[in-house]
Amino acid sequence: MKLIKAIIKPFKLEDVKDALSEIGVVGMTVMEVKGFGRQKGHTEIYRGSEYTVDFLPKTQLEIVVDESIVEQAVDVIIKTANTGKIGDGKVFVIPVETAVRIRTGETDSEAL
Amino acid sequence: MKLIKAIIKPFKLEDVKDALSEIGVVGMTVMEVKGFGRQKGHTEIYRGSEYTVDFLPKTQLEIVVDESIVEQAVDVIIKTANTGKIGDGKVFVIPVETAVRIRTGETDSEAL
Amino acid sequence: MKLIKAIIKPFKLEDVKDALSEIGVVGMTVMEVKGFGRQKGHTEIYRGSEYTVDFLPKTQLEIVVDESIVEQAVDVIIKTANTGKIGDGKVFVIPVETAVRIRTGETDSEAL
Amino acid sequence: MILRFCLKSVFAIFTLALMPAIASAAGHESSALNSGDTAWMLTATVLVLFMTLPGLALFYGGLVRSRNVLSVLMHCFAVACLASVLWVVCLYSLAFSDGNAWIGNLDHMFLKGITVGELNGGTFPETIFIMFQMTFAIITPGLIVGAFVERMKFSAILLFTTLWLILVYAPVCHWVWSGNGWMFNNGTIDLAGGIVVHATAGISALILAKMLGPRTDFPKRIRPPHHPAMVMIGASMLWVGWFGFNAGSQVAANEAAGMTMLVTHISAAVASLTWMVVEWLKTGKPGLVGIVTGMVAGLATITPASGAVGPMGAVCIGFLAGIVCYFACGFVKNKLGIDDSLDVFAVHGVGGIMGTILVAVFGVAAFGGLSDHAIGAQLFTQAKGVGVTVVWSGVATIIIVYICKAVTGLRVTQEVEYTGLDQEEHGETSYNFE
Amino acid sequence: MILRFCLKSVFAIFTLALMPAIASAAGHESSALNSGDTAWMLTATVLVLFMTLPGLALFYGGLVRSRNVLSVLMHCFAVACLASVLWVVCLYSLAFSDGNAWIGNLDHMFLKGITVGELNGGTFPETIFIMFQMTFAIITPGLIVGAFVERMKFSAILLFTTLWLILVYAPVCHWVWSGNGWMFNNGTIDLAGGIVVHATAGISALILAKMLGPRTDFPKRIRPPHHPAMVMIGASMLWVGWFGFNAGSQVAANEAAGMTMLVTHISAAVASLTWMVVEWLKTGKPGLVGIVTGMVAGLATITPASGAVGPMGAVCIGFLAGIVCYFACGFVKNKLGIDDSLDVFAVHGVGGIMGTILVAVFGVAAFGGLSDHAIGAQLFTQAKGVGVTVVWSGVATIIIVYICKAVTGLRVTQEVEYTGLDQEEHGETSYNFE
Amino acid sequence: MILRFCLKSVFAIFTLALMPAIASAAGHESSALNSGDTAWMLTATVLVLFMTLPGLALFYGGLVRSRNVLSVLMHCFAVACLASVLWVVCLYSLAFSDGNAWIGNLDHMFLKGITVGELNGGTFPETIFIMFQMTFAIITPGLIVGAFVERMKFSAILLFTTLWLILVYAPVCHWVWSGNGWMFNNGTIDLAGGIVVHATAGISALILAKMLGPRTDFPKRIRPPHHPAMVMIGASMLWVGWFGFNAGSQVAANEAAGMTMLVTHISAAVASLTWMVVEWLKTGKPGLVGIVTGMVAGLATITPASGAVGPMGAVCIGFLAGIVCYFACGFVKNKLGIDDSLDVFAVHGVGGIMGTILVAVFGVAAFGGLSDHAIGAQLFTQAKGVGVTVVWSGVATIIIVYICKAVTGLRVTQEVEYTGLDQEEHGETSYNFE
């Protein structure tokens, strides 16, 4: 199993979620994060003074999936989250050794 | 060392934390997340219109532990966080290569 | 590639970010978390009653970097985030198998 | 109504509050300043401004997504400032100078000819009357904000508001509340703005929402209110401010103001509970946003009638407001499919129109009312007033929207809409909690 | 007290504000409307409503967990609406119609017989007196909300409030403020509700909290206030609104109202600083929630005394309020182990009772007071009033709680309590920041 | 000015509102209580307190980082309580008892000699005058809070405020508004505090900010306002409250109060729009924080002039306020490099001083004003008043800061500054959302 960690633009969340559902990914965990990268932060100007906002709001998805569909899932995310503009985000894949469903104690593939 | 990532119902946090303390797990990092899974979101109704809330509030714990107590820790989490109802959450185990305590520079087991 | 997960004191964020930039780390994802560890929570007193606050506000950085600079990056974080006081936080290193830049589809080192 | 009530007040005060000796001298005293009335009108003016800033702004701001809350506050604030300036420039003159039955003249542009000592034909200074009425011209376009949140261009909003105040608000205000207005003179009852405020805003909101088109993803993925507590704070401020709105429209601190306050409050309370119960029955849960919406419906509905009905009439009006407006919300969004986002038409439009009609019934003595009209004839008068106002507001709004489309464009781009107006249109972020 | 002060006011006004010629004719003029008094009473009514909506609601809402904040706002709002309707239905009649020394009659049910022109036996319309007093009947059960937050069923709250208003509030209000009431006639001093409002609410809160049981995890895992800024906003609204509460209870815009405003303010300021200093000494840090709680304590304590003490009396009362209520909070929660969650008893109950007793002392001229009673006798009168009220409120509350237990059940399930009342009871989420 | 206007008011009321018969008897009646004036002054007092609590507190609180918001609210609240107590102890006596041209005496310490029946030489009770003026003494040091947020020690703030009120506020207030004051008697125009409130606070803020030093990381890493909606709520409360501030300073519910309200409002609206447009042109985006700052600038600037200018004068003043204060903000922070964190000097200081000068121009009839002074001479009088005040405030502030440095120390440590004052100084956390 792998953990797919995807950092995307916040307004793409719904689209990505729907697209993943379509390929059978039924679970994910989402968090609001702040991103720093090539896409530089902006300045906000208040009363004639500039304030640098280094971090941009991003949304991070964490999805644990079976080996077998990792690639497909990553593809779907990339396709759906893409706007072609800087700051679209990243997808990372990380190994997972065990998964357990708390409710039933089922493990691994069955836990997802 | 392993990273245990547990997604649980928010009101179980205190219980899980206490149970982990009892088995000697003295550190963890917690974040509020939004979950999507089998437990379907609910609808909120405002002024006669339905609003679908797809994501449910969940709490995610991240705990890095020594190999030796991974299993025990996972067991404790599962037992404590269980309510038997859908949406109880998941536990994932992820390999960790290094751990360092910032204050002292101690590494690995000693850093925990 | 590795995922460096650093849990630090919130007011150290800017310094760490700047220090990392200096060694060429140009991307990271940041989230507000609550920490539990050796540094015990505090009590807040309202109207003569004590309230125990177990969890302390921490900031977590997630940075995916090339194998080659992991060590340097970890060092920089440790040095910058250090205050010498309890609760300075931890750095964990976790293996990453793939990285993709959503905008271009570039992978691995090129995606960072 | 206001001027008429003024005259009444003058008499009331001289008959009741002062002694016979004065009353006999009342002939040349009729425009004497009464400090009690003046104190109340100063206060009422403050209260009505408070309704918009920050009341209405918060009520609306809490209902949108967190990425658009500042834009809503900005709309309300900028509209308030704009309306104030326009009021001074020409609106007051258009609305309240003599002119003809349809519109005032431009004699008082830039408040020309207003002196500090002049009374408003009643018992308090003209300057306060100007201010009091200005607060109505502030809140009315403010109400329309609810129709276009989360998607309309800021420049378009400013242009729309300017034209709307001139083409819709000023004339209708003149019709109903100026001594020369045709509704004023045909006996239309509208104490505090069922027609002038709520009907005009409600209809224009509906049409603007339709022409603007719904928020992208409406109705599938629209988000619940981001901050119901903010909605409740705003609503509470509307409630307390509304006493200035209605009881202030009696333009005196007198018996009529007292009864107006009482019936206003009763309608609000009854409508709140009614809405709550309906929601409880329909959805299984009584919600905070629901109960406060019921409150607004109750207040909007009693507004035109609050000078003419008694406590029991207020109970009936509140009850009807709670039920009818509840279902109107669902009807507009789900049946008509119009994204009148914050239900301006369903709550204010429907409420204001309903109250304007109902006053013909509950205003008569048989129903505990204080007016002496004949139900049938008055029903006709009221309906005519509403009808003409609806048509006028509707047609004018359509024209104004076309002008805005041509001059500024109406909507932000979809990307701006997604990222949020706060960031894109105003360069600010709403909640920077770290 | 109010009616008594009314009469005083009438005289004050005629003697001071008008000329001899009128005074001589005062016999049949005694019920003439005074527009200044009317203006102030309209305003005071607005201020007292503002205390509850949104003042008290925010003060309480900020103190609970974020998952229950909407439920608290809902409690306050629904209670306000319910009290308003009940006031019209029967409470006003029970409290203020003649009846006997213990309770009014039902002559004015549904406000039967109230006409627009009627004055309240004083100088402003009866309708405003009805409204003004209604706002007291709104805030009193609102105060009790603090005792049962985060765990009581919404249906039980509505039932409790209904019964409590009828069985406790209406009679005690009649005893103290109606011309026929036994405390009114035995010279008990309670200008604005130390007995009627704070003692009744405080005692009932304590007993309800005890019978309801503590929040699960009390006191071990109870969370700090989720939003101290919200607490402060609410508290500030309480402060400004309290001028309507106390100075409004003089039922005239006169000298007495001025002094009442002054001593009210002084007590609030002194109590705030006192609490702050005590907290600073005890915990090492002066907190925001603390200082504003001190303010509420100072205001509750001066309430019954605010018509009878002078500035120096207010300083003493404020000082005592700050200290005594501070320690009372800890005592109830830690020593008695009662989860009177938001310290209704310790702040309002203790404060109101203390002020009711202290007025016997600080009200006399020797202490700069304005009253001419004998300390000893008055102490007895005041204590008797408090004692009877405490017993009556306590017993009635016990009975009402049993009724609620039987009819609706009292508490939500533990799961609902954990998930939060906002979601479970009202179907809403408080902060949807994305 | 106030007392002078009092006398005017008395005459106005007797001439206009009452009948000849009374006017002739006015000789010994001149201190009769007028219930309408009293009602308005009670209300105005409430409004001005509302400006500080919670208005100003929120306006400032929303502008800082989330880790310091509670500390700002605490500063405003504690300063308000402290100023209230000091007012009773000695400030009122120093400011308003006879004394000499420079300072009052101590005859009324602890409000000695104030009786309930005494009028303020005008038409309402002295007690209300004490309260009304107290609210000015509350808000003025409150304004200074904006200069030192996020870094000053709480104990130092309390000490600074105490000394500042005694050494700066009390004397300047005496100069301008006491019947014996030298500016009062040389005809300086300052209706509601361009000199007394805004110039003193603005200058002292600038100097304190300079001496305290900037926030660590200023200007590089300073954070944008953490909660612009909170800023807007506070600003709106300032707007509505300002009517009490300015129109209340006419100390009567009369024609002058009406005109004052009108010009106050116009200036606020025009300044808001002006600022918005300037910001739009300069940065490409019209922001919420900007427009409400423009509003405050417009209000501060019209404050001294609001009793003397007409509507067109108000338009000009508002326009200048919007432009000049906008650029002043950037000038202080970027050119002078002083971290006057929330722009107290640029908005209040510059605005108040500018208004005090401009009234000499726009107050004359040629510009639609109501005053009959000669522009040149009046310009000199106004400038002299401002000049002396600036020097006095500046020097006194420097001395006070040295005292504070010695007694309590000025700043928190850098670690405390980083962690936030909420946690470190007050032991609280602002937003506990879970």
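A, B, C, D, E and F are the chain letters, set down in written order, and residue numbers restart from 1 in every chain.
Note that a residue touches a chain if its C-beta (ideal position, glycine included) is under 8 Å from a C-beta of that chain, and two chains touch if they have at least 3 such contacts.
Owing to the predicted nature of the structure, the values given are computational and were not obtained by experimental measurement.
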Contact-graph distance - origin subunit C, target subunit E: 1
Interface composition of copies subunit E and subunit F: same or different, split at half: different
For subunit C paired with subunit D, centre-to-centre distance based on mean C-alpha positions, whole Å: 52
Distance between chain centroids, defined by C-alpha means - subunit D, subunit E (Å): 32
Subunit A and subunit D: spacing of chain centres that average the CA atoms, whole Å: 46
Residue list for subunit D, restricted to those that touch at least two other chains: 21, 34-37, 39-40, 43, 221, 223-225, 253, 283, 285, 287, 289, 427-431, 433-434
Set of subunit C residues in contact with two or more other chains: 14, 31-32, 44-45, 53, 94-95
Contact set on subunit B toward subunit E in their complex: 11, 14, 44-45, 53
Residues of subunit A defined as touching subunit C within the complex: 2, 5-8, 31-38, 54-55, 58, 60, 74, 77-78, 81-95
Of subunit A, residues touching subunit B in the complex: 3, 14, 17, 26-31, 62, 64, 94-103, 105, 111-112
Residue ranges of subunit D touching subunit A (in the complex, touch as defined): 217, 221, 418-419, 427-429
Subunit E residues touching subunit D - in the complex, by the definition given at the top: 18, 21-22, 25, 29, 32-40, 42-43, 45-46, 49-50, 53-54, 57-58, 61, 69-70, 73-74, 77-78, 80-82, 84-85, 88, 110-111, 114, 116-119, 124-128, 130-131, 134, 154, 230, 253, 425-434
